[in-house]
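Structures follow.
Shared between the two complexes below is chain A, which pairs with chain B and chain C, respectively.
Entry: the complex of A and B
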């Protein structure tokens, strides 16, 4: 197990280093100058001397590699620098806003798992039943709707018409339901189909027939044979889309006017706030690799064949 | 014990149905071993999986199967479950793919024991290891092993140990030795025979290998294209086979020639009726 962990953590670190390179240099390739943007947004008189003075102060005139080195050294000490436009500490403000986004994403993740596992299993076990056919139609319908549109419909019906939940904003747990539900619903169709197909494939396995021949209860077969066999591929692909989930959350936040990372980053894009953007990309990269690492670890724990392949004993 | 009457099985193929088991009737008396022999595709495994209804939709069955006087084919799923593994146990071919790759030997044992009796995991473990020891398996070492860590012969013996843990009155063995090497085959056959002798259970053995069947069976059924071509006491069938197909099968065993060249001589659709040639001995002349 030790070697497996070391290898995985090693590849995680090198992936993050690559992300940091891309984050740093790609942002600087995008046209637009942060100092000019700063002067324009604050409606300051844009004299060349004043702008140069700020470039000097922020270190924008130093060679790129030197700028990268000083940034990455800071990052290694968990100092992500200060925002150029607001002067706030990047780590703190990102953590603040990211908390909201992660909460929505995590809630959405739980909803995705509950809905897709239960619906997927039921429609596979009761294949071609009325329930199966109805879910297939519903799933198609939801899958073909853009998520922001679904958000508007949900807001209109649940919050405006019925008045069951708060309309917009953030604060209580009730505020969380609609955004995470909207976010989750967009992903559910894919996972329902994935689980359904996985279970149907498991049903064809000879060891399921042997389990039946031994007279195991159907509930035991579903849990220990069908679901357990489908779980690794489900979790792996769930972990792969968690990046999409965070990105989706950023859009949902704007629809629901939630003070999350989405709006924060849009603002940083407009002002070309390099330190904030870099920190954000690195943070997303970290979450993505960490979640994938966790999924791999979990799969190795439940499936001995993966442990065998990875050389973990 | 087990009584199969006019059993026919149709398998759906596209829009049409194919007859794979054609009007089969036989009896497995108490304490006796009945062997079914035939080449692959002759429908012999179909009979096994139909007895316990271990198949998906797309199979149609007519006729009746009685076990201890009770109709099996009309039983509800719940009632059927209480028979499976407890009254009728199954030993399947290809043990390597029959065990759940994500569960250990022990977990297979525990779940089987718990399926039919209220027994704690601890008690199940004691019983399981005891049972494994009876089949000359190092219980403590095998208990926590996953299927891919064990050999085919070991898995087959574990399967037998699991099959007999509820003391079933009927054991169905579908190609129990096909995936194994010759030495292991003999060991497995000995073990099956020993269990059958000691417990007085009945057994239905299916194989394409006449050698396997002739070691175990009291009565023999020879199948071809879903039909019974010969059915009678094993000793008579083996000593003096009436049907050319049975003769060909025996010749394969004795002269070490391939079945195809021997069977070609008696190829053609089977049209003759099955008649009782001697009391308890049916054959298509």
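Entry: the complex of A and C
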């Protein structure tokens, strides 16, 4: 297990270093620089001298490698720099906003798991039943709806017409329900189909037929054999979805006026706030690799074949 | 028998145990559900009453598309101008028709050479921390802004300040390097020359690095702020002017217009203020509903189509004149702007300073336009959709910000309308920063632009037309009048005599018209939608101010 961990952590570090390079150099390829953006957003005419003076003050005129070295050294000491447009500490503002987005995403993840597992298993076990057919139709409908539209429908019906939940803002757990439900519903169709297909495949396996022949209860077969067999692919796929959830949260945050990271980054993109964007990309990179690491670890624990393949004893 | 009894007893025991466990589980689950429902019922009511506490009848809640930022009076983005105006006051303010009015300065004197301004401060003006406004404090503010003059290079008033002197506790003198008539007008701006209390300055004394607290003399005090969520302002009971009628204002940051409308419908906000918050069609929809009050302001700035006179084919005067005759303002205002703006007959609204000049008009007339194009050698050719001159097609490129839905609709309309006159219009939707770079490099034939609006117009818009890499520069540079135009602009801002200034402005505006540098389309306005709880709705002449002090809430 030790070798497995060392190898995975090593690949995580090298992946993050690659992400830092991409984060730093790629965003500088995009046309427009923060100083120009600053004047453009404020609709101020800028002279070349004024722009050069600000570039010098912010260190944007130094060679790129020197800028990268200074940034990455700061990052290693957990100093992500200050935002050019707001002057705020990047690490602190990202942490504050990320906390909100992660809360919505985590709630959405729980909803995805609950809905997908229960509906997926039921429609597989009751294959071709009325329930299965209805699920298939609903799944297609939801999958083809854009998330912002779904958000507006939910807000209009649940918050505005029925008045059951608050429409705007953030702070209480009621504020969390509609955004996370909207976010989750967009992902559920894929996982319902995935679990249904996985279970149907498992149903044909000899060990399941043997369990049936032994007279085990259907609920025991589902829990012990069918679900367990489907879980590794479901979990790996779910881990990959975490990034998508964070991305999807940006639109949801705009519709529900939530002070999350999505809105923050859209603004940083408009203003070409390099330090904020670099910090964000690195943070997402870390989040992604950490989730995948956790998923790999979990799969290795529940599936002995993976452990054996990786040489973990 | 003994053998068979024993397992049967065991089974009974196990089953009883299983049923008990299930019942227990059900009970726990039921309790949790009840608790959750109870909690929802209690907290939903709380969540719907708005942010924080306070009497709802004394609180006005409005939406704003962006976070108000740190509201540093001496800096720009991400501080929102309207919020800066709530907290900080200028020395002088901008009244109707551009008349300069007293604000923190009760009176002022200008020396004959136009270089020295002596302001006498209003007595007993208090900052929100209880300290008194003094000449020393005004001096400190102006010097803090000058220290960071690179960021303010667009504002001539700042680069021209030579010296600030506190003559006595209530008198401050500002000496300019040379005469500059719009100095008072630029002091009325929301930023960067409004006054911050001494306790608002950071330890370093440099407001360019940030402020310690938003301490101002304005009608409102920032009492609560949650970044990216909301801000609360309370009435400043020590305010020197007419005190606000409402005790508290809550500003919710809502970036999506549909969410804003739903929040208004649900009563979570009382007011949507500003043309940037609602599309014309959304405003009209709300206007048709009887439970909302709607209002449109007078002209605030002008929507223009700027023509690049330095590149072909718009470097030809006849082509520029033909384009003037091809703009059907009536259709644009009625159908694309839903009647929310006025047709612009001149570059600036006649109510603006030095703008009541009759420079002439170009009526919409396709026949005249075609005649002008024929004269310029751009002829209609059989079998070709567009006019040609030799092997060249009459083609104009128009880049625009892809995020601006109104510009998109307007330009798409012109594209189809001008096709009838044989002009091939290439529209280029660009990301805002790419668009800015394109315009700065002069890579366009035409593009949409707004004049700066009050209190900047007319002098600042005209002034930027002489600065290299500016949009207006490309409009005048290729014309026959360019040299005289530039000279006149330089002269007009240094002129100390009113008569001379008026004559120079007349000549400048006439050149813009005669050489067809800019095509005025419509006068932009502000609009608002409020529910029936709000009373006393109105606008101020300043386009970036929201006059919350004048509004009231019904019982």
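The rule we apply is simple: the second predicted complex is superposed on the first by the 302 of 313 C-alpha atoms of A that agree within 3 Å, B and C clash if a C-alpha of one lies under 4 Å from a C-alpha of the other, contacts with A are read in each partner's own complex, and residues count from 1 in each chain.
Going forward, contacts are C-beta pairs under 8 Å (C-beta built on N, C-alpha and C of every residue); 3 or more make two chains touch, one makes a residue touch a chain.
Just so you know, these numbers come straight off a predicted model, no measurement behind them.
Q: With the two complexes overlaid on their shared chain, look at chain A and say whether chain B and chain C clash or fit.
A: In the arrangement built by aligning on chain A, the partners chain C and chain B fit side by side.
Q: Would you sort A:114 into first (chain B), second (chain C), both or neither based on which partner it touches?
A: neither
Q: May I ask you to decide whether A:87 touches chain B, chain C, both, or neither, giving the answer as first, second, both or neither?
A: Touch partner of A:87: chain C, not chain B.
Q: Return first, second, both or neither, reflecting whether A:6 touches chain B, chain C, both chains, or no partner chain.
A: It touches nothing on chain B or chain C.
Q: Examine A:31 and indicate which partner it touches, taking first as chain B and second as chain C; both and neither are also allowed.
A: second
Q: According to the stated criteria, A:210 is in contact with first (chain B), second (chain C), both, or neither; which is it?
A: After superposing on A, A:210 lies in contact with chain B but is clear of chain C.
Q: Who does A:228 touch here: chain B (first), chain C (second), both, or neither?
A: After superposing on A, A:228 lies in contact with chain B but is clear of chain C.
Q: Chain A residues in contact: does chain B have more, or chain C?
A: The partner making contact with more of chain A's residues is C.
Q: According to the stated criteria, A:167 is in contact with first (chain B), second (chain C), both, or neither; which is it?
A: Once the two structures are laid over each other on A, A:167 reaches chain C alone.
Q: Tell me which partner A:302 touches in the superposition: chain B (first), chain C (second), both or neither.
A: first
Q: Tell me which partner A:50 touches in the superposition: chain B (first), chain C (second), both or neither.
A: A:50 sits against chain C, while chain B stays out of touch.
Q: How many Å separate the nearest C-alpha atoms of chain B and chain C in the overlaid structures?
A: In this superposition, no C-alpha atom of chain B lies closer than 7 Å to one of chain C.
Q: Where on chain A do chain B and chain C both make contact?
A: Of chain A, no residue contacts chain B in one complex and chain C in the other.
Q: Which stretch or stretches of chain C touch chain A in the complex?
A: Listed in rising order, the residues are 40, 43-44, 46-48, 51, 69-70, 76-78, 150-151, 153-154, 209-210, 226-230, 252-256, 258-259, 262-263, 265-266, 268, 431-434, 436-437, 452, 464, 467, 469-470.
Q: Applying the document's contact rule, which stretches of chain A touch chain B when the two form their complex?
A: On the chain A side, the touching residues are 203, 205-207, 209-218, 220, 224-225, 228-229, 302-305, 308.
Q: Quick check on the complex: what are the chain B residues that touch chain A?
A: 49, 52, 54, 56, 77, 81-86, 89-90, 92, 94, 97-103, 111-112, 115-116, 146, 148, 162
Q: Any idea which chain A residues touch chain C in the complex?
A: These residues of chain A touch chain C: 31-32, 36-50, 53-54, 57, 85-87, 93, 96-97, 152, 155-156, 159-160, 163-175, 254-257, 259, 263-264, 267, 270-272.
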